[in-house]
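One chain, subunit A, appears in both complexes that follow, with subunit B as partner in the first and subunit C in the second.
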Partner chain A sequence: MTTLIFVLLAGLAVGSAIALVVQRNPLYSAISLIGVFIALAGLYLTLAAPFLAAIQIIVYAGAIMVLVVFVIMLLNVEEEEHKPLRLGYLTAVAVLLAAVLFGEAGFILYFMGNSTLEPPDPNMAGNASNVGLTSSIGTGLFTNYLLPFEITSVLLLMAIVGAMTLARRVGLRPTDLVVPGSQVLPRHSIDPKAIGDATEVESSTTDEARQLLGLANAPRRRPEE
Partner chain B sequence: MEWLTNNIGPEGLKAIGQFIGINIAFVVVLMIVAYTVLAERRILALIQGRLGPNRVGYGGVLQPFADLLKFIFKEDIVPDKSTKFVYFLAPFIAIVGALMTIIVYPFGPEINLPFVGVIKLVVAQFDVGLLYVLAITSIGVYGIALAGWSSNNKYSLMGGLRASAQLISYELSLGLALVGVVLLSGTLDLYQIVEQQSGYWWLGGVVPIPRWNIFPQVFGFVIYLISAIAETNRVPFDLPEAETELVAGFHTEYSALKFALFFMAEYVNMFTVSMLAATLFFGGWNFPWLDLVVAPGGVLFALLSVVAFLLKVLFFLFLYIWLRGTLPRFRFDQLMNFGWKFLLPAAILNVVLTATVVFVIIYFRA
Partner chain C sequence: MPGVSLSWYLALSAVLFTIGVAGVIIKRNAIAMFMCIELMLNAVNLTFVAFSSYFRDVSGQLFVFIVMTVAAAEAAVGLGIILAVFRNRESLDVDDSSVLKN
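Presenting the complex of A and B:
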């Protein structure tokens, strides 16, 4: 029974992974990747790690893949065209590496097939293991592995802060330089003569700009709350 | 019974029991959802000063069946340039994600039956039951996002993206609001959380107050309720399917039975969320002073407990419908502001305060 479930889940994982690589439409690839994660969560369950299975679905399939699907939908990523391969020698390298992979898999199967080790049956009375339970993971995270836990959370915080810093847009102020077709550059960061077609904004307050542009009598917008 | 046990084995028996349980739960949920649709139309009508559908059957009780027949016989329009596979997949993800969560909820206490032994009225008891509910809720986002995208319609895409953004934003405060309950109960297993709410606190030694989690976790409950209403895309958070703005949002291009699946998925989500609220905060199947009156462990107690649980769930469904008839809807930027800038810090504050109080109690008692 366990073997049947393992074969089903592993088949789903491998099949989804193959579909992920072979598909041309990027959204189908994303859905195949979600299938891979769900199959992996099932495999974690067969290894008596229910917490990890649930977290795999919540974090990977439920958050990271939603982000990937958003990006694909928003950026309207096109289907791949079939282009001829430019680096022809890569095919030979790929075949060689695939042969190595299958060789390793065969090696493991041969030695595992001949060994007398069996994975402990989690249903037997004396074999109840505490490793996968939520309470054990929580205890371990907050006692033995507290430093790696805190460092990992600081790492994630760094990633978020970095993303926010890179994505900030500088607001247009009256002494800024506007290079047509490019981003807004604050005055202190570039030399206008070097760029060539930087246009100076000639007014120094917003009211002067409104006068210059002829918007003096336009109705004012309500200030943002 | 012995013949069955000898031939099929205890595991097989348990599997058969779970299969029967799943079928019963499925039928009960679908019936309640069908009548929730009718109740919503009647109650909304009452709030708005008119009569709802009351022609089909006595007072309109056969209306859900009439609706089902209509959905089956409607013409199934598939937009021409849509991505067909994803277009067909999306309502299934929505409905499957909505229905998969009902197996972890405890409907009642243990019953001691003469032939079968002790059975718990829960289909599947995991020790990560709460995480399972959160995981399946996360998967349900895909139904909406993929539906919006695959319809090849800019209004559907906008509706789908807005709905997905709203869902993933409010999932955070939902999860954090539930952490308070987990801190108090010390377990993620829903059956045990309900069992732990079955005692009483004796006020002044005389008045028994039921040991429900709502009393220590009022703020957690309010945060949970707001997040849950946002998660199920209901008023006041239903901009993704606002009729006046986006035609019908992500399910604009869906007709007939696929639309019926989305519609049902929304109501099953409402039902699931109400069941979670009743289970985690209002004591599940514990009727307030029932076990001082009727003997626990018997069939009568179990029946009355199941009725109590369903009454609590129906109260929450009524609350949903009441809110729909009363409140205007949030604009999308107000919605996102509220979710990220107010609700998430409030949920974190709730976790910190609960953890502090629990720590102080454990530290000074032991």
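Presenting the complex of A and C:
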């Protein structure tokens, strides 16, 4: 029974992961990734880790993927077009290394497959082990691993500040009218000659701003291919 | 009731991680590459939880907790970077953002 559940969940995880890579529409990729997360949450349950299974659904499938889907829809991402891979002779090297990797994995599975470790009991009935329960995780988090926990909180604070710095619009006053899709940029970020000139230019794209300034044929600040 | 051996969890984790690496190499869309990185983080999480359960030691699950926090922070900052790049270039194709190269 446990084996059957494992095979089903593993198949769901691997199938969703392959779909994630094969899909060319990012939104379908995101939905496949949610499938992987749910399958992994089920696997955590078979490993007697109910707290992590719940966290997996709430944090990953709930919070992170909602953020990703939100950004995909906000940016109106188009489908990827086919482009040839520029690998050349590296393809042969990659095939060789993949064969070595699969050989090693098969060797370990074949010779070490019969691990002497007892599998965990998902029911935890009459089992002295309470490793996956919320209480033992909380105890560990606030005793032996208090310092990593505090560092985590500092990391989250840095992430908040960094995300706000990266995503905010430059030079926008609180009274400005924000047109969806447009942005206000200081002039020196578009015109290389106007260093120090912070006059604001509002337009929906950088190219449009360049045309507004009469710079359509002038050299770009950032050279592009 | 015969349980599943530890090796099978590790093999599944290796397969998921490999698919994630292949996705990062193949994909050209920044958001798709980001999702493949999340897949790799989850594969490592599965290894942590499998070892933690089989060795009856809670440390592995605590590290999964911390990895999830890092993944959340990475999602916030990474999507902020993607938004900033999209605003400057009107494209998410990583081949269009090759100015740092050379």
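Note that the second predicted complex is superposed on the first by the 144 of 225 C-alpha atoms of A that agree within 3 Å, B and C clash if a C-alpha of one lies under 4 Å from a C-alpha of the other, contacts with A are read in each partner's own complex, and residues count from 1 in each chain.
Heads up, the rule we're going with is that a contact is a pair of C-beta atoms (placed from the backbone, for glycine too) under 8 Å apart; a residue touches a chain by one contact, two chains touch by 3 or more.
What you see is a predicted model, and the numbers here were worked out from it, not measured in a lab.
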For this session: Look at where subunit B and subunit C land on subunit A after superposing the complexes, then choose clash or fit.
Result: fit
Exercise. Which partner does A:34 contact after superposing on A: first (subunit B), second (subunit C), both, neither?
Worked result: first
Exercise. Taking the superposition as given, does A:13 touch the first partner, subunit B, the second, subunit C, both, or neither?
Worked result: second
For this session: Please work out whether A:63 is in contact with subunit B alone, subunit C alone, both, or neither, and reply first, second, both or neither.
Result: both
Exercise. Who does A:55 touch here: subunit B (first), subunit C (second), both, or neither?
Worked result: both
For this session: Return first, second, both or neither, reflecting whether A:160 touches subunit B, subunit C, both chains, or no partner chain.
Result: second
Problem set entry | Dominant contact partner of subunit A by residue count, subunit C or subunit B | C
For this session: For A:44, select first, second, both or neither according to whether it touches subunit B, subunit C, the two together, or no partner.
Result: second
Exercise. If you take every C-alpha pair with one atom in subunit B and one in subunit C, what is the shortest distance in Å after superposing?
Worked result: 12
Exercise. Common interface residues of subunit A with subunit B and subunit C?
Worked result: 51, 55, 63, 74
Exercise. Of all residues in subunit A, which touch subunit B in the complex?
Worked result: 25, 27-28, 31, 34, 50-51, 53-55, 57-58, 61-63, 66, 69-70, 73-74, 133-134
Seminar exercise, completed: In the complex, the residues of subunit B that touch subunit A are 83, 85-86, 89, 126-128, 131-132, 134-139, 141-142, 145-146, 148-149, 157, 160-161, 164-165, 168, 171, 188
Exercise. Which residues, counting only subunit C, touch subunit A once they are in their complex?
Worked result: 1-9, 11-12, 14-16, 18-20, 22-23, 26-29, 31-32, 34-36, 38-39, 42, 45-46, 49-50, 52-59, 61-62, 64-66, 68-77, 79-84, 86-90, 92-93, 95-96, 98-99
Problem set entry | Residues of subunit A touching subunit C in the complex | 1-3, 6, 10, 13-14, 17-18, 20-21, 26, 29-30, 33, 36-37, 40, 43-44, 46-49, 51-52, 55-56, 59-60, 63-64, 67-68, 71-72, 74-75, 77, 80, 83, 85, 101, 105, 108-109, 112-115, 117-120, 129, 131-132, 136-137, 140-141, 144-145, 148-149, 152, 155-156, 158-160, 162-167, 183, 205-207, 222-225
